[in-house]
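In this document, chain identifiers A, B, C and D correspond to the written order of the chains, with residue numbering beginning at 1 in each.
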Amino acid sequence: MGSLRHLRVGCEFGYDSAIETPAVFQVQPYEGGPATLMRHAWETTPQVERHGYTDLYGNGCQRLNLPAGASTVRYDALVAVPDATEEVDLDVAETAVTDLPDDALHYTLPSRYVLPDVLADEAWRLFGAQQPGYRRVQAIVEHVNGHLEFGYGTSTPLTTAADVHESRQGVCRDYAHLAISFCRALNIPARYVFGYLPDMDVVLPPAEMDFAAWMEVYLGDRWWTFDPRNNQPRKGRVVIGRGRDALDVAMVTTYGAPVLKAMTVWSDEVAGAG
Amino acid sequence: MGSLRHLRVGCEFGYDSAIETPAVFQVQPYEGGPATLMRHAWETTPQVERHGYTDLYGNGCQRLNLPAGASTVRYDALVAVPDATEEVDLDVAETAVTDLPDDALHYTLPSRYVLPDVLADEAWRLFGAQQPGYRRVQAIVEHVNGHLEFGYGTSTPLTTAADVHESRQGVCRDYAHLAISFCRALNIPARYVFGYLPDMDVVLPPAEMDFAAWMEVYLGDRWWTFDPRNNQPRKGRVVIGRGRDALDVAMVTTYGAPVLKAMTVWSDEVAGAG
Amino acid sequence: MGSLRHLRVGCEFGYDSAIETPAVFQVQPYEGGPATLMRHAWETTPQVERHGYTDLYGNGCQRLNLPAGASTVRYDALVAVPDATEEVDLDVAETAVTDLPDDALHYTLPSRYVLPDVLADEAWRLFGAQQPGYRRVQAIVEHVNGHLEFGYGTSTPLTTAADVHESRQGVCRDYAHLAISFCRALNIPARYVFGYLPDMDVVLPPAEMDFAAWMEVYLGDRWWTFDPRNNQPRKGRVVIGRGRDALDVAMVTTYGAPVLKAMTVWSDEVAGAG
Amino acid sequence: MGSLRHLRVGCEFGYDSAIETPAVFQVQPYEGGPATLMRHAWETTPQVERHGYTDLYGNGCQRLNLPAGASTVRYDALVAVPDATEEVDLDVAETAVTDLPDDALHYTLPSRYVLPDVLADEAWRLFGAQQPGYRRVQAIVEHVNGHLEFGYGTSTPLTTAADVHESRQGVCRDYAHLAISFCRALNIPARYVFGYLPDMDVVLPPAEMDFAAWMEVYLGDRWWTFDPRNNQPRKGRVVIGRGRDALDVAMVTTYGAPVLKAMTVWSDEVAGAG
């Protein structure tokens, strides 16, 4: 076992609901590794029943009803992560579609926010002539990273990859949607990843959120992590879930219109295992 | 066992490809019932290897490589179906979201072609005041059936439910996408179904295709069949698969640009079981 | 939401291993309800990486390597459970095999410890003439409860239902294996359940463990809880997992021969949610 | 694509039932490759409804009710198989348990007929000193092949691997159960495979059945085929399904006691694809 470091990750939501409102939360770390979930706690005030299930994508979901009136939902976890920067291999080849595993094909199709069909011409124009493989995906990441300007409030729940390609503005999920669209347009399987992204051994602008979206791309014989928003290998990503796009791994889905009064997210290194 | 009738269903595709082209076909009847698959045969000319797999949605997929040059892919099946019109129950209630089974929630979300988010206001304006339940879904079906004009060539692979709501033109998949969008906007789980639709005991215009798209809606404690294109209970539907929208149950998905030279589909009653 | 009560459940294992030893733990509460997992913590001393996965049965498994030398593994959770005794309905009918859902058939087959094939004659002799339904299963439970004498150390990892039928001695898992064997011999789907069983509102002999095994039987249109060891409806069962028999939901599976030096299990009501 | 050859595989069962009897058949070729299912046909006389489902193991099952009185169930398929002998690599290493994929662990456990727990000492005595890897599994296969004498009627539905180890007699499923037991005792994942085994390019004794059981063993990073009964690499195996042991891939499971009056199985090379 390599060296481990520890993170405190979590989030708190304050709601005001006119009526009892069903909700699904996807905020627990994925337990398949490499992060080890050491402890966690849910607190809902007032207390309500809650149950977990695994969705089509294998993501953990927690389902509860927000009570009428004011309520808070708080999730707090301690995780151990390897003290290692994620792997990069510029020389990995693309896998011909004919050799892709059956279950990777799902991630070549368009979805609500990821539009390889609309952006196909642009993808081929920009990246079609490049040598297939890791470097071509890296070129996509660099293009998207430079093409978009980061800005909270520049996109909405209706904003697609085609929209941000046009507006040149977005948040991390928009960066991911655009880069994934380009990959899929080139028949490279790419999936959306949502998680906690701590600032281990990097210095980030203070405004940055601790929830983050990035992508995994199938090259060679496995999935590789790329981050179109930050465009640098990192330590300590804590995956929450994966899917076709942001809809499949939504932090919160509510069936009704509770007012979100406050939201806090954390993802901080802590000294011990504590 | 009730009385059974027999259908010959199938399809044939003629391609011309510049290069070998990976393809996935979803044309085999779903084996979970009520149709019984009695025999079937695949013929690819020239002959190629093919294998089957089950996707995320449990749909059967067949994967092969179309060879360079001219090729044909032919699928032909004999199925037995109950001699019974599909069930209708105008009095079934909607299920409150809080009581929906976990795996139905997937079908409340937007997807590539189904846009309950964009069409939410319209859905609530048109159907929000109606009594929840089977009758409300029937009202959606009737609205969509009247709102759209059927026409081949009026929609493209980029056409969403919002587009057809605007253009008022489409084919059966567009009818389904629009009706499903309205259901999901009202938090009623609805899924897209693709299959063979024979003309058992009904008289249809001769131009109608034998592939068809319809929808299933979760009411009470199960999924019910509704057909926004035809708006009448039928006999003999042969389901191929189900999913969020047409992308999840595509007749053919190709990874490349083979020229489709010819396509035939059949779904005809035959006298005996032979 | 009904009234909730709170339990502290967990376990601690002390090992001494000659070499690093892979191990799988199944001790986390099942998250599908009705218990709500509020918080939990793992502690391994020395600290090691661990990851979770879901097995064929949907059970949560945690996989780690016990280090060479002395080590401890501790799991501690706080759960909220409904303040309600589990449901009983003496009038529920058996479901004819032809009407069973496909996935219930798995639980009609023999398995390592559950031997409906060996015990078929005995099952039909004892219970074949009884009216099918909940009462017949209750008769099986009562028979097993009276036929066996509880005793730690009376069975081994090789002991089958046929063995305990003969020896008339066993622990809770043996009671479950025998009752499940009789159910399956009568073509009634029955599955093994492993979990924490607190003594809420009952007085139990002090020697009783807090891990327990019981069974679920498919009657009418769902699974019902029966407890051949205790033979009384209870409050607060916390399911860990379900399977064909004890092998599918083993508290710990080790690949090697670490010495288990100490083991403690707890399942106690606590006053508040804290 | 390599060269393909064609097989006709199938089976026919004649029953006489006092009452309508639910039954599950597992006789269709697995569609995941390398065999390509080109056509198949079911015939039940008298005709009955039937539906297919996929079990926990991903095996295709067909479920129907045998009617009261005389009935026949016939399945006939044409498959294309590669003209290639299955792969052997004497130098593949065993995978340490710690490096096994999560889903391989299921195949290290005991099951109804496979008893690595009972046969552990024997396994370690015979094979514990050998160099881990393909050659050790080959030694197991050779031992079992020599230890047992083939004979129809020497085993029953109650016969375990420990029984045949003792009796030294069995049919192909017993050979498989014993070899799988030895593998699992050594912590090598091994699973039971059931299928059609044609005599392509080999000469076999005329009494041999066309249904056969063999095993797959996880070595290196994938599953490898071994055949304890025949102990030679073959061409044209057509897998029906895989599981822990013969119970998970039973040709037929009936819920009742119909009299099997006749049974025929075929697995023959045919000249063309027609």
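Basically, a contact is a pair of C-beta atoms (placed from the backbone, for glycine too) under 8 Å apart; a residue touches a chain by one contact, two chains touch by 3 or more.
If you're wondering where the values come from, they're calculated on a predicted model, not measured in any experiment.
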item	value
Contact-graph distance - origin chain B, target chain C	2
Farthest-lying chain, centroid of Cα atoms versus that of chain C	B
Chain centre separation in whole Å, for chain D relative to chain C (CA means)	31
Distance from chain C to chain A - Cα centre to Cα centre, in angstrom	37
Separation of chain A from chain D, taking each centre as the mean of its C-alpha atoms, in whole Å	43
Residues of chain D touching at least two other chains	53, 65
Chain contact graph, described as a line, ring, star, complete graph or other shape	ring
Those chain pairs that satisfy the touch definition	A-B, A-C, B-D, C-D
Complex contacts: residues of chain D adjacent to chain C	20, 22, 24, 53, 55-57, 61, 63, 65, 97-98, 102-103, 105-106, 108-112, 117-118, 157-158, 187, 247, 253, 255
Complex interface listing, chain D residues touching chain B	1, 4, 31-34, 36-43, 47-54, 58, 60, 62, 65, 78, 80, 82, 273
